[in-house]
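After this come two complexes, each holding chain A, first together with chain B and then together with chain C.
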Partner chain A sequence: MFYRLAGVHHTRYQTARGLWPIPADRWQVLFLLLLALLAPFFLSNLYLGSYILPWLIWSAAALSLTLLMGTAGQLHFGFAAVMAIGAYSSIHLVRLGVPFELALLGAGLTAAVVGSLFGMAALRVKGLYLVMATLAMQYLVDWVIINVPAISGGAQATLRTPDVSFLFLPIDTLAARYYLALGWVVLVTLFFLNVKRTSFGRALVAIRDKDFAAAVIGVDPFRTKLAAFFTSSFMGGVTGAILAFAFYRAVTPEQFSFNVSIQLVAMVLVGGLGSAIGGFLGAGFVLLVPIFLTNMVTWLAAIGWIAVSANLIAHVPLMIYGALIIGFLLFEPLGLAKIYDNIRKYFLVWPFRHSRS
Partner chain B sequence: MKEAATGEPILVCREVSRWFGGLHALKKVSVTIDRGEIFGLVGPNGSGKTTLVNAITGFYPPQEGAITFEGRPINGLKPHRIARQGVARTFQNVALFRGMSVLDNILMGRHIFMNPNPLASLFYWWWAQAEEIAHRRKVEEVIDLLQLESVRDEHVDVIPLGLQKRVELARALCAEPRLLVLDEPMAGMNQEEKEYMVRFILDAQEALGLTVLIIEHHMDVVTAICGRILVLNNGAQIAQGPAREAIADPQVVEAYIGKARHAA
Partner chain C sequence: MYYFAELVINGALTGLMYSLVALGFVLIYKSSGVPNLAAGAVVMVGAYAVWLLTSYGLPLYFSIPLSAAIMFVLGLLTERLLLRRMVGQPIIMVVMLTLGLEIFLRGLGPGLLGAAPKPLNLGIGLSPMIVGDIFINRAYFVGGIVALLMIGSALLFFRTRLGTKLRAVSDDHVSSWAVGISVERAIGVSWGLAGIAAVAAGVLWGSVQGVDWTLSMLLFPAVAVVILGGIDSIWGVLIGGLIVGMLGSIIPGYVDQIVGGGTRDVVTSLIILITIMIRPYGIFGREDIERI
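Now for the complex of A and B:
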């Protein structure tokens, strides 16, 4: 078949540690990247602006969270708050006259500092207690944003994002905003993949899998967990800023409420913890499947195949969506990424069948 | 018997005591381990062997007494600091990282020489790659030494226990320790795996000039490879000295199988 390990011989460690050691994978990545680069030329503004653009940005958010939850094993139920800090800081920085590039950096740093402050709690607590600590962060940050007019502009206010340019290119058209998001998600993905093959990523996994064994070979649990919170929050903060500037273009506190945190956790879980492709698949599933289901149910009702009242139509897609999440997690608890991996392995060992692991 | 003991002490424990609540797990244990020797630590279950090792490696710092490694006091240091001083260990029930391949587990042993930094990961091609490859070379040497080539790319939880223990030994060796602490490296192994393990320990000790502190229940192994041993019972030392003599000590016999006059 087209996936083959046979015939792939590595003569240098460099290629053996490559991101995509199988040629078929490299072609696939190249093809998808090309497709993404050309998307503004063949997709309508509706699809580009309301499906692909948010999907890319939320994928970056899911990747930021999965670095913390999947790779480092630290649960975080307040990640929307981290993104909110990034979004609000970037807007205020730009309004103060800071160039957009630096404002993005500032947004990441602010989110990283606040995120690791709350992450300090993680150094003492694990599991459900960590969930509580991060939930506290979500509510505290929400409260501060809503109640400090200097940040939110008032309890019911909406902050419009100023016009900006990135590296002298004005971010004014949809295509420009799309390329900004695409650039960020590519950077986040490369970073995530590189983390997994370097000592930083191994230290994170070591702390997740067996913290005492990690300590005995010289991993400092304190520094490593803190670095995980810092890095993940930095990425989350920048993603929040990109979300504000490239997609919402006006921010309100509700855009980063507790529900959003739960959705992010759902993206990470459904996609597959600690997997890059899982971030994309999970974000796509959580964002796009409800829309797809609503369209389908409405269409089926319109042509008279199913009889549902207008009341019910709002709920049926949500019910199917919930059932789908449960179904996928029952079928493969390790998420969509694992399903993808199983299919890939099936082709790798074809015509034999010992692909399940 | 491989003996390269120099008489120069590398690890000194002086009157080490440790309590867990009301349980007096270690009672004023004193021991000196010389550079280059293989030192055995034996005793019945619950006699405090693992507690002593945990005191040395920093998990349960002793409440009384002093531990010095190469002349520097190490009691009270966190485990990861002690690791950086040159002490490596393996665990009784294998403590590998289950989410990683065999290779990544062994690479983890190089951690103290590496620079785990998110920025280095971000700029992988310019910053981390050279370092990763340099350490990969060292890791391959250890893989050669312990004959782990065939399972290098396997996931660590799909290989048999005997190999897992060998991977754990490889991970410890990669840290280039001066003192290697092995907590029952042959527990749960069959005769063949046991003999392999002994061979690997001796090979590694000779090739890398290690000092080894080994907890072991198999007396044939202990008498075969250990120069001197310390026998613990209920947290207290009951014998110390050359392996065969210490094992023949009446107190040791009593601790293991009871007094002669109680026998029917």
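Now for the complex of A and C:
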């Protein structure tokens, strides 16, 4: 009963090429989904609102970015700017009286159009130069948002999100906001898992591996790269809108600064480039581990085991965050997804290790 | 007209000080192909080192060479412990590793030594120099001269025996091994030299704006300088620095009043973007030709 491959004999290609061909994986996914659906009933508001909810939304953002960076191989250091465009345009659309459902789509489209402009640089250069170009565009978008009062509502201003309803259900309680985020992240995950199995996804992978070679076998690099930026920015824009409406509920330009872009790339890399489970694990790790370790240092200092000044404690999260990135790149460049994969493969055939292919 | 001349001269001097930060970046990129995005934080560490030594009572003329030696060793160690393991990894890994180092140092320095800006007095004085009717910032003037000296000595250094080895390594790693040059040692030396350049930049910028974490934000103009000048060219650092500094002073000098400030970052971003779209390898850089 522990041998999880028992009785798995695929006789048709359809079953063999399913998303989760092994029943144990299917049960695991179902169990996690059930847990996520029931979370508002057994988790306190503190945990739900300040840990689980941001984790889900940032996972969606990491998945959008990993589609671009992991699957299509285009480096992007300005993704927070794309999310900012989504957040701001959704708020302004709702304020103009557009229904929230359409405002989300509008946010995605605006972000996708501007995000495709980021992609223009990818048509010219790649690698390090693309990093620099997207970084420069992040600064430009930030500057435009801050300095155009029509967007940000004036210098140093905070824009509160209006009350909205989604499909006639008012998004007012924490649980409602949680389900909105959960619905979006499930949608993004399903899209991400399935896009790899389409011709578009295979074209993206071909571009990642070598764009010249892809052009030789008939994949148009121009169109594919732009489509990659468009798709990923669309998802990023909607995620930004959901982040604004479901989590922050009041947006300022600093919430989408350059550091947030680096944080997103860190999530993608720590999780593992181009893997769905990596998006979730990376977002959770980068968000929660510095908080957890800082709490531990504060606690150790409080009981007097180590002497730390208040100034040092204020900088500990930054140090842990930097050390985390360095440590993962040095010791497990393939990220948490690889660690998860090793553990899963071990238990897949346990206790018959010799049967591992 | 005097206003314009003032903007040009002070901008050029600031630009020369930017190129001091960019010099470390280019030295490392030239030899190993590693973009050191921690360059700003390394400058910050250099400034902290000088401040720490002077706060122990060491005179300035002694603490600067000492921190240069310390930074040389730290540069060697960074290369040996972190970057050596990244050989053969995709560029995103290297970029993110150096960014992680930047974040770590930005926490470590202020965390250990206190976040308040530390004064670093070089004895230059605050009164501006007045030439004709033009005000020149005295600190920038000294900084510009030091930058010119450092860039000049870097150019001369590449004509020495060790410098020739570094040029060979930057041309081709495998052929350098074949003729008996230790590529690892050459790359390590370039990291050490970058550390020395960082001390010079850190001292000058620290005396201008105080020593704190904001020194690491010099990375952004330095990146603009190397992109514009060419990422593997010392001459590019000089010319790129002058252009970035002057444009970053003239344009905000006239436009800031209209749009309400902060245009210097916009100018820097636009320089990066336009250079990459028109001539990605910069003014003096070497164009990479790619094969399938």
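Rule of thumb we're sticking to: the second predicted complex is superposed on the first by the 334 of 357 C-alpha atoms of A that agree within 3 Å, B and C clash if a C-alpha of one lies under 4 Å from a C-alpha of the other, contacts with A are read in each partner's own complex, and residues count from 1 in each chain.
Just so it is clear, a residue touches a chain if its C-beta (ideal position, glycine included) is under 8 Å from a C-beta of that chain, and two chains touch if they have at least 3 such contacts.
All values derive from a computational prediction rather than experimental measurement.
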Have a look at where A:Thr231 lands relative to chain B and chain C in the superposition and call it first, second, both or neither. first
So, A:Tyr13: does it touch chain B (first), chain C (second), both, or neither? first
Given the touch rule stated above, what does A:Arg208 touch, chain B (first), chain C (second), both, or neither? first
After the superposition on A, what does A:Gly154 contact: first (chain B), second (chain C), both or neither? neither
Check the residue A:Gly127 against both partner chains and state whether it touches chain B (first), chain C (second), both, or neither. second
Would you sort A:Val216 into first (chain B), second (chain C), both or neither based on which partner it touches? both
Specify the partner with more touching residues on chain A, choosing between chain B and chain C. C
Quick one: is A:Ser199 in contact with chain B, with chain C, with both, or with neither? Answer first, second, both or neither. first
Now for A:Pro21: first (chain B), second (chain C), both, or neither, which partner does it touch? neither
Chain A positions touched by chain B in one structure and by chain C in the second: 210, 212-213, 216
Partner chain B, residues of chain A touching it in the complex: 13-14, 17, 190-191, 194-195, 197-203, 205-206, 208-210, 212-221, 224, 227, 230-231, 274, 357
For the chain A and chain C complex, residues of the former touching the latter: 69, 75, 120-121, 124-125, 127-129, 131-133, 135-137, 139-140, 143, 146-147, 155, 210, 212-213, 216, 262, 265-266, 269, 273, 311-312, 314-326, 329-330, 333
Under the definition above, what is the set of chain C residues touching chain A in their complex? 35, 82, 85-86, 89, 91-93, 95-97, 99-108, 110-112, 114-115, 220, 223, 227, 231, 259-260, 262, 265-266, 268-270, 272-273, 276-277, 280, 290, 292
Note: in the complex, chain B contacts chain A through residues 57-59, 78-80, 83-84, 88-89, 91, 95-100, 104, 107-112, 114-118, 120-122, 124, 128-129, 131-133, 136-137, 155, 158, 171-172, 175
